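Each structure below appears as structure tokens.
One chain, subunit A, appears in both complexes that follow, with subunit B as partner in the first and subunit C in the second.
Let's turn to the complex of A and B:
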């Protein structure tokens, strides 16, 4: 920390106040609907009259059960595929691209700069008009992979960026095959990046509406079921649904946080650039 | 092991994948945009009829202008809020920096529909804000129910986390010792900020701005569920061509317009700034 800034009190207060207000803005609705979904007086649960009615109603709704299954399917397969592809792509970028690295990087992160709804619509046109495919879950998974892939590349790149490739060379000098080098040297060192990419892409594909919606036809996913219900007004069940997903996302990120805090995993932390290091 | 096979596998497979599932669909959207839809049937005649409709029918131009204004305003607001937040976290976050940034990711990863539901809980007629006002005996606030203001608040809520994360990552990669160097040579904190920190993180800021601007420009959900009768945005109108109205070809043309505007923005931004002076180190290891 800079001594000058430490003395510069009003600035510090203003910065911290902005941080606090932003978190309040982000979490107020989340906490509000969280309380509402566990209360009988769900419109204005202050103070809440606790009840599990809404949750029970949500969990016994068979539409949401089917939708949950589909969303999980899309999430898991999209995450597996995009993590694997992004792993390949990032290693390719760092080791094999040479001078053409910027070109490949631009291609690999280009989907970030195309709105999700455009990805959904253009895939729908391509599948429906040019391939003659009906809406199906495989198309939806593949279209989600396009979007998730770019995020996965960025997450894995922050990890691989600092990886010392001489370790691989050393293993191969001592006679290990490329496959064995990967599984016994590279993978054990880069797994946190892959896991992080898997978790984030899983959550993204699981919650995606605008890509999946156009490619699935009549198959419901959790977001599309919620979207359908939202057209007829906000119901307490929707609060409960959002709260359940919030809790799952929160738990997954908490796991990531613990892994990172205990040093079991590191994502793009560069100690040599910290001010205290020198 | 620097043979010919490895690059083909590592770079070739992802490139092929993107070519087949990202580039080809975008090209097919371009092709469809010069065809026509009549009575839910696609007629494969090449003409620029759809673009003529978009240019001459006043409503589409209004939607586009409204979307551009909305996206610019929302991205500017997000950037203005995100900078102090990201800077505050890097300066005072200490060992909890990570927790602070991950806490921003939780709402971001929850998905658009569910976050809109949460926002309805905040801004809707029966939501928290009006509930508080009614409980205090005041009249409900009409500005925030089904208006463009509500859409804008909704979009800021949706995209603030990504802007904060991008600017935070930029600040994290920024060599903070440079500030120390500047202060040692007598620069005031304000001068050090505007002459060192801001210019060297401009590239990250622009990426954050673009990653907010592009989805806002094509927003379909927030204006539909939060905006009012005057709140139709271009992306929402485009989505309707694929749903209710069934005029796919016109929708494809609208998609091409949105895509072109987004690309134009990125190109202009890249031209406006000298990348080497904005903290962009490319992808080399340094």
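Let's turn to the complex of A and C:
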């Protein structure tokens, strides 16, 4: 059999190898934990002996159930709040800020560069002193909103930057009130950006350890329960927990991916053929 | 009482007056063009009528009602935009139905009216398409249909044909005018293209520096320009500078090697500098004859280029003072490049304006 030399140049082999190694590095730990959480031999699941024991143990543990509930609460409300605020902030930034827009933008995204531990501590103190909020779940949601907001602004801005505000003029001239204009024209054209921001901020708040930890103390979230469980050694339940969290995150990303592939939403990316119309 | 009234309307941006004390009265069945170069404030004026801009001063009245404080959606106007601005997430049908839904018309009425507009604008078969699946001309028709379908009090058109090619543009000019006559509502049409303004309008307002330079019938604007700017901007003409040298019923003007005779105008003093404009199509040509150089309104020249424009030929003529263009029907005798000719015109075809600043 003769090998086609042109097809297997050394450069191409090196490139493919690099890609393969990179992906292995990224995803092998996740795959390992995934296998381990569905196997009886969870310490070294090669080959795995399939079993749902660990999953069942996790799901019957009331600590993890409470933690999941809290994490979902924090995730959903922090995402809703930060997406709504960031949407309004971005509209203001693009429509009304004028020449000072870069300054406002810089201040909107500055929280990205503050260590989360510090955000957690300062939010705890501020919320307690000035808002009269003791460390509780409301306080934790508010603190998460601070840095989620910055990400949401960046995501929404990429979508809104391309939006032609003269479409709003057109809608109003044809009889739509400002509110009607927003729901009939603006929102249907920018919702992918809002959904993208919602999903990303949900994942961030859901996964957050440092900020939530400072504001919640003994109230568990999934990351803090996992962190706490470390004191008693790495138990199989932790494998199952990590797998569950990963599944939630991957499901959300898969939703975004499918929407993008089917062209239902663009999340800021716009194929060439659609550009002329907007 | 006119149907649309602009009463001392001004709009200031920073320290610039984009629109400066504009007074206009537009009748119910009129097609009015706002003609001016880019940046003259004509689009701002249109947006003020639409309610998309608030005037800094002045009032806007539509059908006897002061709408100065009304937001656009309560004015009952419609607009056709240069960039079409069709809603990209809506089909052609939905785009056309949008103004009707905002009027809260019953479903049957909406269907009937969209059907009507689809018929008159030849959009049949395109109803379920999205704007990005249409050609530029089709998008323009949908944009026009969206403007007409709600039977607005006035249709405002902001350079709607600027993005179309020439042939399509001329087709649409006829069509737009036809619909305006048919509907009997005023159209206010913004353009920088004098041919569009001349082909469709009843009256033309020439806009310059935020002010209305003149607002008159299209024939008046073209044949009897009120200012030097209009003479220069509307139609194509050649310009001569001269000094009033005397004369009674007819003025004699003396420029650089040219003697111009024009009909008398009040307010021009002896020795005053004037600019004289002669439209290209008013310049006639005959073969050069020796000795006739001293006659007024006759210029010995050489044909430098001949540009064929279908039914017309444009002769670019060189004379001792510069260049001059004569636009003649092809049915007349033709001259070859390099030919020596005499260009001549009637005294009645010379438009005179005093030159305020030298060199302008």
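Simple rule for what comes next: the second predicted complex is superposed on the first by the 245 of 278 C-alpha atoms of A that agree within 3 Å, B and C clash if a C-alpha of one lies under 4 Å from a C-alpha of the other, contacts with A are read in each partner's own complex, and residues count from 1 in each chain.
The rule we apply is simple: contacts are C-beta pairs under 8 Å (C-beta built on N, C-alpha and C of every residue); 3 or more make two chains touch, one makes a residue touch a chain.
All of these numbers come straight from a predicted model, not from anything done at the bench.
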First (subunit B), second (subunit C), both or neither touched by A:189: second
Subunit B versus subunit C, judged by how many residues of subunit A each one touches: B
First (subunit B), second (subunit C), both or neither touched by A:261: first
Partner chain in contact with A:28 - subunit B first, subunit C second, else both or neither: first
Subunit B versus subunit C as contact partner of A:175, first or second or both or neither: second
Which of subunit B and subunit C A:167 touches, first, second, both or neither: second
Residues of subunit A that lie at the interface with subunit B and also at the interface with subunit C: 172, 178, 273-274, 278
Interface residues, subunit C side, partner subunit A - complex: 50-52, 71-73, 76-79, 81, 83, 85-89, 98-99, 102-103, 130-132, 146, 150, 156
Contacting residues of subunit B [partner subunit A, same complex]: 1-2, 6-7, 9-11, 13-15, 17-18, 21-22, 24-26, 28-29, 32, 42, 81, 84-85, 87-89, 91-92, 98-100, 102-107, 109-122, 124, 126-128, 131, 134-135, 157, 160-161, 164, 169, 172-177, 179-180, 183, 189, 210-211, 214-215, 217-218, 220-221, 225, 235, 238-239, 242, 248, 251-252, 255, 258-259, 262-263, 266, 282-285
Sites on subunit A touched by subunit B in the complex: 1-2, 4-5, 8, 11-12, 14-16, 18-19, 22-23, 25-30, 32-33, 36, 43-44, 46, 85-86, 88-89, 91-97, 101-102, 104-105, 107-108, 110-119, 121-127, 129-130, 142-143, 145-146, 149, 161, 172, 178, 200, 203-204, 206-210, 214, 223, 226-227, 230, 234, 238-239, 241-242, 245-246, 249-250, 253, 256-257, 260-261, 268, 270, 273-275, 278
Residues on subunit A engaged by subunit C in the complex (per definition of touch): 164, 166-167, 169-178, 180, 184-185, 188-189, 273-274, 276-278
